[in-house]
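Supplied in structure tokens, the structure appears directly below.
Chains: A, B, C and D, in written order; residue numbering restarts at 1 for each.
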Amino acid sequence: MKLEFKTQIRVRYVDVDQSGFVYNGNYATYYEVGRSEALRQMGHTYKEMEDQGIVMPLLNQYSRFHRPAYYDDLLTVVTYIPELPKAKIRFEYKIFNEKGILLNEGYNELVFLNKATGKPQRAPQWFVKLLENHVLA
Amino acid sequence: MKLEFKTQIRVRYVDVDQSGFVYNGNYATYYEVGRSEALRQMGHTYKEMEDQGIVMPLLNQYSRFHRPAYYDDLLTVVTYIPELPKAKIRFEYKIFNEKGILLNEGYNELVFLNKATGKPQRAPQWFVKLLENHVLA
Amino acid sequence: MKLEFKTQIRVRYVDVDQSGFVYNGNYATYYEVGRSEALRQMGHTYKEMEDQGIVMPLLNQYSRFHRPAYYDDLLTVVTYIPELPKAKIRFEYKIFNEKGILLNEGYNELVFLNKATGKPQRAPQWFVKLLENHVLA
Amino acid sequence: MKLEFKTQIRVRYVDVDQSGFVYNGNYATYYEVGRSEALRQMGHTYKEMEDQGIVMPLLNQYSRFHRPAYYDDLLTVVTYIPELPKAKIRFEYKIFNEKGILLNEGYNELVFLNKATGKPQRAPQWFVKLLENHVLA
């Protein structure tokens, strides 16, 4: 399996530092938008996850910067879910500019945390089912 | 009365946009640091305020940009409290660079919001007392 | 005259602070997106402005916070240009949530700065013409 | 060799998202402050590097999140330079809270880019010498 989702982000003025390149920390935000829009494309939202008392903090994150992104670039964020989540979920990302040039790729792993108890838990069943359905689709 | 507090902020790379100037939205953060350090200099923290169930959202904010701030500038944020708070509190700010040149000035007003009820309330008594004591000192 | 432009912004997780509300400094970015998309809707970009050697730093900015914005809200930013620019240009903003409730309003004034000389200049002729054409349209 | 530098960062309100934890993308900024203060502790600044026409974009970045950081935490960022730079330089980071608990660790690699030509170059001689002197000291 490898679920794949696409979304677009316009680079904002605030995102670019004085080198003229998008500041590296903003890729974390682009990944966040990728994840968030992936869920929305499956008919759900990360907001619902939190409404059910689950937060999803990061375990780790890796980013490889191939080429700079510039102000006003229209980026395409491709978000992959390479396997069904158990205690944690892995996301992979590729970011392209309008010419289709790969600018950045990365991955991160997130855990499912019960907000009330502060304890890790397994991925909620509805969420695993949702992913399974999209694999079959 | 006019309570006055000073704190320093080193401009980070992330703060500067491709014009080479500090991005305007970051002054909101510099004001936040000014407020937060003002409380700390009076022996308290904004964290304590929130631990007591009070959040302080902004009502309004004004900023006047005289001169740009640059990467690695060591800024001095002067934070003023011009009067004792009732339902709201007013802060005023002046930001100077190392040469003592005024770069930015502004103000904002914040309310005291009971986090549990979501309703505005008066400034907590301990906080008003704290300010009174510093006026007299 | 009063030129009016609309654009939408999805509130990101990074935009919201621990009070659960969009952090006040992010409205500066929402205004930036409003301005930038206003230009794009007239067939130009702020990037072109900079490519012609003009940067547009802020003179001032005012913001009034009526209601909080929340994570995942789909905001509508309405950007107004109330008069033709000369040495400076004024933008006004209103930000609504999906229910049409006014969350925030503000304005700012920007100058036209020759990047090479660092000196202020008048609004470029093509830009004034562009606005005039849109007033008549 | 392993050069080691320490600096402190107070977590700002803007840094924390609605989970109550520091937003993951801000660690990129904490690393930036770590690098920047490392240079300052050796008597130089990254600003000088750029004044000499060299920018240092990232090749990659890895971060591992052990424990959350909270609003108003006073973090200690320990920055390591594990070897002398040639075409690229590697930094490693550990971030601790006031209780000495390790919250985050990571690394990144940066290249030296000639700003005028846009081409990579070797680390400037003065910079390599500077590091050598600090290894011996």
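By definition in this document, contacts are C-beta pairs under 8 Å (C-beta built on N, C-alpha and C of every residue); 3 or more make two chains touch, one makes a residue touch a chain.
Every value quoted in this text rests on a predicted model; they were computed, and no experiment measured them.
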Greatest separation from chain B - chain, by CA centre: A
Interface residue overlap between copies chain B and chain C, same or different (over half shared): same
Between A-C and A-B, the pair joined by more C-beta contacts: A-C
Whole-Å gap between the CA centroids of chain A and chain B: 34
Chain B and chain C, separation of their C-alpha mean positions in angstrom: 24
Interchain centroid distance [CA atoms averaged], chain A/chain C, Å: 28
Multi-chain contact residues (two or more partners), chain C: 13-14, 18, 23, 25, 28-29, 32, 50, 71
Residues of chain C that touch chain D when the two form their complex: 13-14, 16-18, 20, 23, 25, 71
Chain B-touching residues of chain D, taken from the complex the two chains share: 10, 12-14, 28-29, 32-33, 36, 45-47, 50, 71-72
Contact set on chain A toward chain D in their complex: 18-19, 21, 23-29, 32, 50, 55, 57-65, 68, 108, 115
